[in-house]
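After this come two complexes, each holding chain A, first together with chain B and then together with chain C.
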Partner chain A sequence: MTTAAPAATKRNRAAGLLGRHPVGMILAAPYAVYLAVIFAYPFGFSVWMSFHDYFFAAPGAVVDHPFVGLDNYKAALTDPAVGQAFKNIVIFLVINVPLTTGLALVLAVALNRVVHARTFLRVSFYVPYVTASVAVVGVWLFLFNSGGLVNSLLGPLAPDPSWLVNEGWAMPVIAFFVTWKQLGFFILLYLAALQNVPNALYEQASVDGANGWQKFWSVTVPAVRSSTALVVILALITGANLFTEPYLLTGGGGPNGASASPVLIMYQRGIQQGEPDFAAALGVILVLGTLVVAYINRRFIEGRD
Partner chain B sequence: MKRTLPAALLALSLAVVAGCDGSGGGGDADQANAATGPITIWLSNNQEELAWGKAMVESWNGQHADQKITAQEIPAGKSSEEVIGAAITAGNAPCLIWNTAPAAIPQFQKQGGLVALDSFDGGAQYIADRTGDTAEQYKSPDGKFYQLPWKSNPVRIIYNKDIFAKAGLDPEKPALATYDEFLTAARKIKSSGAAQAAIYPAPSSEFFQSWFDFYPLFAAETDGNQLVKDNKAQFNTPQGQAVAGFWKTLYDEGLAPKEMYNGDSFADKKAAMAIVGPWAIKVYGDKVKWGTVPVPTSTGKPADQIKTFSDAKNVAMYSACQNRATAWEVIKFATSQEQDGKLLDATGQMPLRKDLQTAYPDYFSKNAAYTPFAEQAARTVEVPNVPNSVAIWQAFRDAYSESVIFGKTPVADAFTGAAEKVDQLASGS
Partner chain C sequence: MRRWPNVVRYFLLFLGALIFLFPFYYMLIGSLQSSPDTSVKGAFPTSGLTLDNYKDINERVDLLGSLVNSGIFTGGVLLGTVVFGTVAGYALARLQWRGRGVLFALVLLVQVIPFQLLLIPLYVLIVRGYGLADNYLGMILPFAINTTAVFVFRQFFLQLPDDLFAAARLDGAGEVRILWSVALPLVRPALLTAVLLTFIGPWNEFLWPFLVTKDADLQPLAVSLANYISNVSARAANPFGAILAGACVLAAPAVALFIAFQRQFISSDIGSGVKG
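Let's turn to the complex of A and B:
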């Protein structure tokens, strides 16, 4: 008895630490370690950097990193280029998120019903998603430059200056580009969700006299609501991380900063100009902003907190 | 548990970070300076430079079995400077890099990533003897050389003779010396339909693009001023605004396009002129019938007085190097008159030597096309070696894009704002 009690206590402690499913915890451990090393540590480091005067130095170099409080945040929030970049991202999200969600759902429903050439069509929508941005950007440069295909088709209706050097059009063109490029992935999410909508619901709606539109609006849309929440959040994160397109398609956020994104500015200031403390503060602001918008989205779309 | 685990991980990572401030103990610099042995070097990925580098390494290794060089191309990245910056931080930079951009030197120096070449016996003297007065531009604010001026690509105007003839301009001796003459020629090219653009510098926002539009003309107009001098911006002056006004006219009249060209506009014959260094001779050689003139000035200065941007790439020694005595000997070997001649022969780029034309008379007599660039190499202006160099160029580029290319703000206002920012950055704050 005297030895059994401590053994039981140890077991209870182990069970308390590992939970009711210790094997599950062990299986999840590698991913938890991965998250800790690849995500949590760098994120923690960047939070620390954002409160210090920091620059990257060679090992062994004696450098001071004094605590500077909120100075980096003040510098980021009062920088006109940062303000412009956040405005640009709002324009991007206002165009990209509804367009992505709407088009992906409509096309997924259409693809779910199509009988002939189904695989061909699904692959066609998916190809841009798996193609390297650098290659696709080259094609869009040819399409949207002043002598490109789009302007040739539009003739006198083409904007002047042309799309990618027009302050009013540069960001919308990037939003359309990203919508087109990411669409295949979001269609796939909706297609998966549509497989779980019971046919009985559509049959019941037909018995009640619903037409095609009413079935789509009253059955399909509510049935894939959780997927819609996921699509919106993922599209939001894509927008918040926007970098390649302003870097390549509009030559570094041009014209005149009209397509610069916060991540592009983080790259310019943190890597090119050697101010990782400023870039870290901007990154933290961006993460907080994304979390707030994602939370609002969750409340509205999923209807819970 | 769901919320406490991430919080715990965050707290742990913060604690780990707080414990490492990156200022651990370092090696003994004096000991490293005296040490000999194998070293690693990085070379540019330009095929001709790479071929020269491999031959140079082979030649050295044949004579120094105990101090062999291992050479490789600079690893791929968005730019060489970013890769080198990351290598400095990681502590795995090679001993020498044969493609260090002068604009990146202040940042690498601030990172503690460079070795002052003055710390070797006769280091500063070797640089001065090889490069002459031009070497002064490569000194850091502390008066030391953290780079050896290696080779330049002094930029000039190159023009397409066929397009000029089609536009009714003299293809052999075109009048392009003054801004007025240049603009008249540009208007003729455009109105005749001989080319889509008179000239097509990249109108994008990257910090280095001003080196190939504003800066060469600014160097010429000011007889050799750098963008920043004595920690003060030099571009918000009548000369700087004259250069900006010249480019603004080209953009406003559609003679220079405002959108990026996806390719090489000069090689594709979309532009009649370009601003290039001698590297272009091999690239355009047979594809385009070309001629070259110095960059224009407002008053049409004589060609032999015109200065321009050097577009130099240099050699730097990195602090991760353990066998620095060997590295210093390799620098001297690879920048000797013999090796510089081989570099010139292989690449057409100009070694930064004070005696360039007299040192290689055979080369220039056989390759007359390179002679104007060699003459120009004696009159080059480098980017200023000041703190926050890249941030300064970005601030200037933003103001230039806003006012000159896109015309959203008057040039005077944009340059005044940029000059205030640049003054602050150049002072190190």
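Let's turn to the complex of A and C:
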């Protein structure tokens, strides 16, 4: 401290404290504040709320929110509607995740080699992704109602009661809807991954006498494995976030709650019925569940050699 | 031998494309029919098309007003993302400052925190705490800076050659000056990609604006159309016609923008943005 020139020391010390370009702090500050206010604080607040007795009070009223331990969690976990909603989400994921991953990869591989009508084909698969759910729900309602086009095509094979009011079919239809809606985005992810697969691998496989199908299984699938892990996790998160479809397509999670999702229950209990503490606990459970499933998948997909 | 798989591939791809596009075609046709014809022949009408359904939905949902609300909501998010997102992306990619690593870790973390966990606390804070129900600011706030866009910006700034920055620094340019006159002009294509990516979020968003707007005059089109579907449609003369007409109006801007700029959705750009 005593040996160096004072000005340089000051500068060095500032650099040590703030980094070489302190202006970066100012540039990033609005975004950092945004993250703190919109993500970090509500995140903490949500966890806090789930351990307390929280309810909506009249504006300005000072009310007590006593600590209640795990009561909200107990209430959420023993609620039959919540159990049903989680069962529904499992049905949704079992259909949606494999279908999304498989179709997206196969279509991306097919699209990657296409020379003719490239733009038309890609745009066709992406369009549902860029369109509002609310808009396309309208046309699915029209297609799948009891007197809709799908039933007139199927004639006597049409399920009775019809798709969206049938306890067995409501959730699968939602799973197909979401697969169709989101597939374009996942095709895009796989197309990006396919650009990084070295051609030499395919040439080597050809030399070894592999046919197209064998190349797909032994070269393409392992080469895009990290993207597959990402696709599975993003599809899981989309599934866990399900709200618009059960709210609109099946009229609020009907029939008899057969298509209710956890987020729909969070909305109904937390906001409509004024039990935000219950909904916050349900949210924490949902996120923990998603993380556990995502972690297992990641281990399974990335760790298998 | 090589021709066969190719023919099969094109056949399957075109078949898939038709399945993907059919609901959009049917949406348009359904919106133009005076009464719903759900027979197979009804999907290919030759006459009797009318714009009455658009008049009908416009009487129940203020289409123009809702579109303006959607526009303000989306515009606010775009403005926040472009102004604050670019500079944050630049600071994360090109500048050394204390806390950069922490912020970047947060950026990654935010992408795995699902919105549903924040739903209730954000509602309590914004609607009950700040009194921003039925307010554009309350609508925009949770989406104000799109994290995926920050990511895309960071990737693009990282890809610029180091020499460029070294040269500008040697010439005595300050960091803000380098951002403004060297880096930003070079990432203009990324800006368009990020704007398009960001656009579809708020334009299509339903859950949050649905929670914060009870006043019909402030609702974006996705919300007013959804309310029409769940509440009023039972009483309309041709409910499906009116729903589909509204759906066409809601879908058209996003689809048109996407088709016009589809080249910006280059796979590698978005892939790199998402994968980091």
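Throughout what follows, the second predicted complex is superposed on the first by the 267 of 305 C-alpha atoms of A that agree within 3 Å, B and C clash if a C-alpha of one lies under 4 Å from a C-alpha of the other, contacts with A are read in each partner's own complex, and residues count from 1 in each chain.
Heads up, the rule we're going with is that a residue touches a chain if its C-beta (ideal position, glycine included) is under 8 Å from a C-beta of that chain, and two chains touch if they have at least 3 such contacts.
Model, not experiment: these values are computed from the prediction.
**Student:** After the match on chain A, would you call chain B and chain C a fit or a clash?
**Tutor:** clash
**Student:** Applying the document's definition of touch, where does A:274 land relative to chain B and chain C: first, second, both, or neither?
**Tutor:** In the superposed model, A:274 contacts chain B only, not chain C.
**Student:** Considering only touches as defined above, state whether A:152 meets chain B (first), chain C (second), both or neither.
**Tutor:** In the superposition, A:152 touches chain C alone.
**Student:** With the two structures laid over each other on chain A, which partner does A:241 touch: chain B (first), chain C (second), both, or neither?
**Tutor:** second
**Student:** Once the shared chain is lined up, is A:175 touching chain B (first), chain C (second), both, or neither of them?
**Tutor:** In the superposition, A:175 contacts neither chain B nor chain C.
**Student:** Looking at the overlay, does A:107 come into contact with chain B only (first), chain C only (second), both, or neither?
**Tutor:** second
**Student:** Taking the superposition on A as described, I'd like to know which of chain B and chain C A:23 touches: first, second, both or neither.
**Tutor:** It touches chain C, and chain B stays clear.
**Student:** Go through the superposed model and pick first if A:191 touches only chain B, second if only chain C, both, or neither.
**Tutor:** second
**Student:** I'd like to know which partner A:58 touches here: chain B for first, chain C for second, both or neither.
**Tutor:** first
**Student:** Using the touch definition from the top, say if A:81 reaches chain B (first), chain C (second), both or neither.
**Tutor:** The first partner, chain B, only.
**Student:** In the superposed model, which partner reaches more residues of chain A, chain B or chain C?
**Tutor:** Result: the larger residue contact count on chain A belongs to C.
**Student:** Check each of 188-196, 206-214, 242-250 or 260-268 in chain B against chain C and return the one that clashes.
**Tutor:** The stretch that clashes with chain C is 260-268.
**Student:** Output the chain A positions appearing in both contact lists, the one against chain B and the one against chain C.
**Tutor:** 19, 32, 35, 40-41, 43, 45, 56, 59, 138, 141-142, 147, 251-252, 271
**Student:** What does chain B use to touch chain A in their complex?
**Tutor:** 1, 5-6, 9-10, 12-14, 16-18, 21-27, 81-82, 85, 88-91, 93, 107, 110-113, 196, 202-207, 257-260, 262, 319-320, 388, 390-391, 394, 398, 401-402, 405-406, 408
**Student:** Enumerate the contact residues on chain A facing chain C in the complex.
**Tutor:** So the residues of chain A in touch with chain C come to 17-25, 27-28, 30-32, 34-35, 38-43, 45-46, 49, 56, 59, 107, 110-111, 113-114, 116-117, 119-143, 147-149, 151-153, 180, 183, 188-189, 191-193, 195, 212, 227, 230, 237, 240-241, 243-244, 247-248, 251-252, 262-263, 266-267, 270-271, 276, 279-280, 283-284, 286-287, 290-291.
**Student:** With touch defined as at the start, can you tell me which chain A residues reach chain B in the complex?
**Tutor:** Contact set of chain A toward chain B: 19, 32, 35-36, 40-41, 43-45, 47-48, 55-65, 81, 138, 141-142, 145-147, 161-162, 164-165, 167, 250-257, 268-269, 271-275.
**Student:** Touching chain A in the complex: which residues of chain C?
**Tutor:** Those residues of chain C that touch chain A are 5, 9-10, 12-14, 16-18, 20-21, 23-24, 26-27, 30, 36, 38-40, 42-43, 84-85, 87-88, 90-92, 95-100, 103, 106-107, 110, 112-125, 128, 131, 141-142, 144-145, 150, 174-176, 179, 200, 203-204, 206-207, 211, 222-223, 225-226, 229-230, 240, 243-244, 246-248, 250-251, 254-255, 258-259, 262, 265, 267-268, 270-272, 274-275.
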